[in-house]
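First chain A sits with chain B, and in the next complex the same chain sits with chain C.
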Partner chain A sequence: MAQETAGAAQAKQPTFEEFCHQTFDFKKAFGKPEALKGCRVLSCTQYILGPSCASYLAELGAEVIKIEAPRRGEAMRHTTPFNEPFLYPLSRWVPERGTGLGFLGANPNEYFISCDFHRPEGQAIVKKLAAKSDVVVENYRPGTFERWGIGYRQLSKINPRLVYCWLGGFGGWGPGRVRASYDILGQSQGGNFGMTGKPEFMGGAPSKHTIWLADYWGGMMGAVQILAALYWRDKVSGEGTFTEYSQVHGVTRQLEYALPLYGRHGIVRERWGNWDTQLCVHGIIKCGKSSYPQSENPQEQEEGYILVSAYDDKDFVRLCQTVGDGKTAEKYAKHDARVKPQSQIEIYDLLEKWAADKTKEQVAELLDKANINNQPVWNSKEVANHPHWQERGAVQWLDDQTFGDLMHQGPAYMMSATPPRLKWALKPVGADNEYILGKLAGLSSEELRRLEEQECI
Partner chain B sequence: MATPKVAPWPAIPISKPEEVYAGLSEQAKEYPLFLESIVRQEHNFEKPEALSRLRVLDCSTRMMIGHWCSSLLAELGAEVIQVEPLGGDPLRQNTPFGRRQYMFRDKETGEEVGGQFLHEMRNKLSITLNLETEEGREILKKLAVQSDVVIENAPPGQWDSWGIGYRQLSETNPRLIYCWVGQRGQWGPLKDKPGMLDPVAQAACGFVHGTGDPKEFGGQPTRSALWMADHVGGTSAAMGILAAVLHRENVSGQGQFIEATAAEAIIRILDYNWAWHSMDGSIRPRYGNWDLAINIYAVNPCKDGYMMVGGGHDRLWYRIWRTVGDEYPTVEEDILGDPHLREVADRLAHDMQVKTYTMLGEWLKDNPRSEAERKLSKQQVASGGVLYVNEVAEYPHFKYRGHVGEYDSPHYGKILYGTTPFLQQKTPGRLKWLGRPTGYDNGDVYRRLLGLNREDFTRLKQAKVI
Partner chain C sequence: MLLTCPSCKTKNFLDPYPFWNFKGKTKCAGCSKIWRLETASGACVAGPEPADGQPDLLPGFAEKPDYTPISGPGLTRPAPRARKDAVCRPIPIQRNVRGRIVSGHPLTKGDLVGSRPKFIAEGM
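Let's turn to the complex of A and B:
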């Protein structure tokens, strides 16, 4: 009897994978509480760096109020690939235009109000909102908000619990403080741009990380800093603070061994293309054949690429067996021998010759059989339609309340008790003027109408 | 080995405030000087640390994502204990092209560590623990009871089967925040596909496919030189951990289970890829150092390297061409006279981008980076050269602000490193130390947290547990 009960209990215990699947199922997120519920964030931001920072907090349940210029909204709404796809309408005042896709991903779950920071009435609204907020995120040129009377020194007097986060390119002080910045400039000057791509002797040049990486990732760094400041406020001091994040500084922070190597030996880290400077084999090779030769899309006609990873000695032997080259296995039996630049050139050349008559899927199959780590280079269609990413909610179909069906990225990470979640992709400019300004600034419909007519909101 | 002759850093002295703000009115310098007074890193040690009450066990090995995550928490003041396998994390052995002369050597023991691992071993304690042994896992349980956060990256389900997974540790410490980090995830169809190291995630999420020049321009899919997806994934893990800490302190009193992957962190920030695909089947193409959605916004070759120039909207567009027109009036005339370049939106067509950058290239080819930047800056246009690490280290603005710092390590001597970008008025991030030899803190941590004594140490060492 006792044995039977134990057996039944054991049967009920889900496997680890079942447990994870149930725990992290993104479709169940709405049945759970939110980590930052009750936290209010004013996002006085434009482009990507500042907006994305606030949006990560919005995914966690903070009430993020995005303040934009009246009518046309912020610049990123007018940015879209090849000027083709748009989400309509831009706003109730400009229904014939749409929001460009450049705006997507940096502003989910937010409330959208419009307000002209230049006008005293607009500044008064910001002050009223800031008095009732926990966080202000701002990325105007340094000192601009201060000049408008809504900078850190002014707002922290109204609300000493405020965490004021400024994000930008070069920071608000120092010889380059007046320089404007964008993501691509942050990458260029911070140092990761010059290291990415093939080296010159292979015909390569410095390469941009395709996405607005220093912006989107910089926003995450800003959010980490804000969360730490909120923790200190709530747990210890009761006081807010000022934080400054420079995206070019962030990029320099992540240069791995480049600075230690330069400082000690005076050696400047160079580009090494799709291979790894520290591990071999651990690089991306070209497969000679396209996976979709019949496709009309040039993205699919292109030959495939695959990451092959066999840096451990045993894995390397198996890789050479798969490729059918015993001599190389012997010659480069030790990692120290394999990882030298000349050896890498020889080994990857060999691998590409072997893969010349194969698609990336065929290479992956052969490597899987030999138990060698690999990862085909997937394009955005392959990622969007892969069951792994769909099941995990990394990409998900969103029934957006304004724009209908959209495929959208899910949050970057999962939490069992208070999962971050996607509620809506974005809203038109000023969509929540009545709701937010009524609720937090006490504006009557008459005042709202007047401010609207004067294009102050 | 002979000491290489390397110029000391900084080769050119760091500017002084009176030089930087020379010629400005009192009013104009008041705001930057105020900012300096509240966020300059020199004042860090007069201030408290935001996360000084948190203890983090980072048990991740061989992968950067966990180390990056715990680095950020350590910079913000958490007590981070790096739990390494006996002999140290294999990442310690990584060095470019296998060149051991580039490694950093402990003055006392001669133990070597590679620069990449060293750079992320900031403010962390190092202990060794063999989790392959039953006793090692018992020790981990005891450490976890006294910790706020555990980070691990073992193959999916391994810790669970060992009896030290989230399900078990959360029973003995319900306040524990348990974070698994990895490349593609511990559940779902790809969970058993091995592959632990970036750029696995970069390739699996669409990032590599989208980076580099288009094929027609001689390009191919390109990885980031850095283990970038690990950096982004580690940052997102830190966000999740801190959100869980806040919720625990403010609301629930309970910890929770977090999973963060390098691939999904990049999927999150691949802006419009997914929506665009869902609208008309588009697959985002590579566009090299140009941008699909903004013109002018690109890096192009110039006289002595590569130059970024940016200005999408009209105001900056005309300023850029005015700058070019000072030297090449015909170029300015041609651009301003072209009806297909008049509207911001029209400029985004591919042919128009080609024309724009061909014309801009005419000017750039005669201008070195510094000259181009000087001329464009006069017009307040965002611009700057692609800098290499030696230039980053000596860049006056970065030096003045301390983006790069030199730490004099008791173990390894002077190390040049990238400082924390977490500048703050009240609880700034900071560097306390950089790098620890393997197991350096065994004595401290095991005595302090578990009360082990000399005999215990001897026995555990002999049994190859620590």
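Let's turn to the complex of A and C:
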């Protein structure tokens, strides 16, 4: 009898997959508490580096107040793919213009107010808000906020518990500091582009990342600094912190073994395209046929690409059997022989010749049959429509309160008790002026109207 | 980077990449006057002074003092063409890829409720 009861209990126990699905279901997030509720963040930021930092906190429930220039807002709203896709209105004052989609993803869940930092009245507003905030995030050039009277040294006198996170290009001191940085500049100077892209014999050159990797990674580093500073303030010292993040240093932190390799052996890490200097076969090959030959988009008419990973000796033999080339399997039976540059050129050439009459899906099917690790290189349409992302909330259809039905990335991680969540994608410039400035800066409707007429907010 | 035309007050937005360190002439998209200027590390260090002849580089975008946008051939620099169907100007839409209503076309102040499009705030 006891055994039967135990068996029934065992049967009811959900599998790990069921447990994860129930625990992390993103549709249940709004029934759970938020980790950073009650934490107020001022985001005086522009482009992606600073905004993404504040938005990571907003996903966790912090009350993030984004401050932008009156009327037009920050520059990222006007930086879109070829100036085509806009979300209207830009603001209630400029409804015939819109916000570019490049702004999406770095500003969800935030309150949007406008304020001119250059004017004394605008600076007074920032001081009033900073007095009631836990965190200030800004990414202007070094010393700019201090010149305007709203830098760390001034604001910390008003609010000693303030965590002030400054994200910049090159840091606040040093001979190379007085420049503006972009993601692409940071990655160039930090060393990333020196080792991405194809070597010369492949007809290649250093390649930039199309995504703003240094910005989004830098924002995450800033968020880590802020959470550590809040812990230090609330658990240890009771005092605020001034933090600095240099985009270029952040990129250097991503260089893996390249710097130790140079320091120990004087070897400059080389570019090796879509292959791997340590492993073979472990790279991306070109398939000869397009998966969408009828498409009008030239990018979809292009041939497909697929990642193939078979560096283990046994996997490599199975790969050669699939390709139908026993000689290569014999010649390169050992990994040491395969990984040499000349061997790699020969092996990848062989694979691409084999794939020349196939689409990436056909190659994937054959490699799956042979139990060889592979993944077709997907474009954004393929990612957006894949049920795995949709089911897990990595890609969500958001019913945005201002802009309607939007496809949006969900938070990039899950938490069982206090899940991050997506409330709204963004709002027009100055949409929350009355709510936030009335609540926190004590401005009356007459004062708000006067400041609005003077284009101070 | 902004060049407010001393003559007609049009705001000419200078693309930071080509204008970051620049010495030469540009043309106001509002009144077609030629201005000579010099920039260093993104800041204007000389000019703008009136000049003659052809511009070296056009602004990326411009708007009149009342926020009316100005762009077009001969006035502003064309955006790079990567896609065959790229048109480099706003594409007005009312429905997204799955047929739902979105705020994807220019609005007027009368179309708004506060900061939100009326057809989204109140329904079609």
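The rule is short, and it goes like this: the second predicted complex is superposed on the first by the 456 of 457 C-alpha atoms of A that agree within 3 Å, B and C clash if a C-alpha of one lies under 4 Å from a C-alpha of the other, contacts with A are read in each partner's own complex, and residues count from 1 in each chain.
Here is the rule we use: a contact is a pair of C-beta atoms (placed from the backbone, for glycine too) under 8 Å apart; a residue touches a chain by one contact, two chains touch by 3 or more.
Computed from a predicted model, the values in this text were never measured in an experiment.
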{"item": "Three-chain arrangement built on chain A, chain B and chain C clash or fit", "value": "clash"}
{"item": "Contacts of A:Asp405 with chain B and chain C, given as first, second, both or neither", "value": "both"}
{"item": "Touching partner for A:Trp272 - first (chain B), second (chain C), both, neither", "value": "first"}
{"item": "Touching partner for A:Asn297 - first (chain B), second (chain C), both, neither", "value": "both"}
{"item": "Which superposed partner A:Ala223 touches (first chain B, second chain C, both, neither)", "value": "first"}
{"item": "Touched partner set for A:Trp148, first chain B, second chain C, both or neither", "value": "neither"}
{"item": "Partner chain in contact with A:Ala205 - chain B first, chain C second, else both or neither", "value": "first"}
{"item": "Chain touching more of chain A, residue-wise (chain B, chain C)", "value": "B"}
{"item": "Which superposed partner A:Ala431 touches (first chain B, second chain C, both, neither)", "value": "second"}
{"item": "First, second, both or neither for A:Pro95, with chain B first and chain C second", "value": "second"}
{"item": "Which superposed partner A:Glu244 touches (first chain B, second chain C, both, neither)", "value": "first"}
{"item": "Segment of chain B that clashes with chain C, given the candidates 99-107, 333-341, 405-413 or 423-431", "value": "333-341"}
{"item": "On chain A, the residue positions that both chain B and chain C contact, one per complex", "value": "78, 82-83, 85, 178-180, 297-299, 397, 405-407"}
{"item": "Contacting residues of chain C [partner chain A, same complex]", "value": "13, 16, 41-42, 61, 67, 69, 79-80, 82-91, 96-98, 100-109, 111-112, 114-117, 120"}
{"item": "Residue numbers on chain A that touch chain C, as the complex places them", "value": "71, 78, 82-89, 91-98, 178-180, 296-299, 397, 401-407, 427-428, 430-431"}
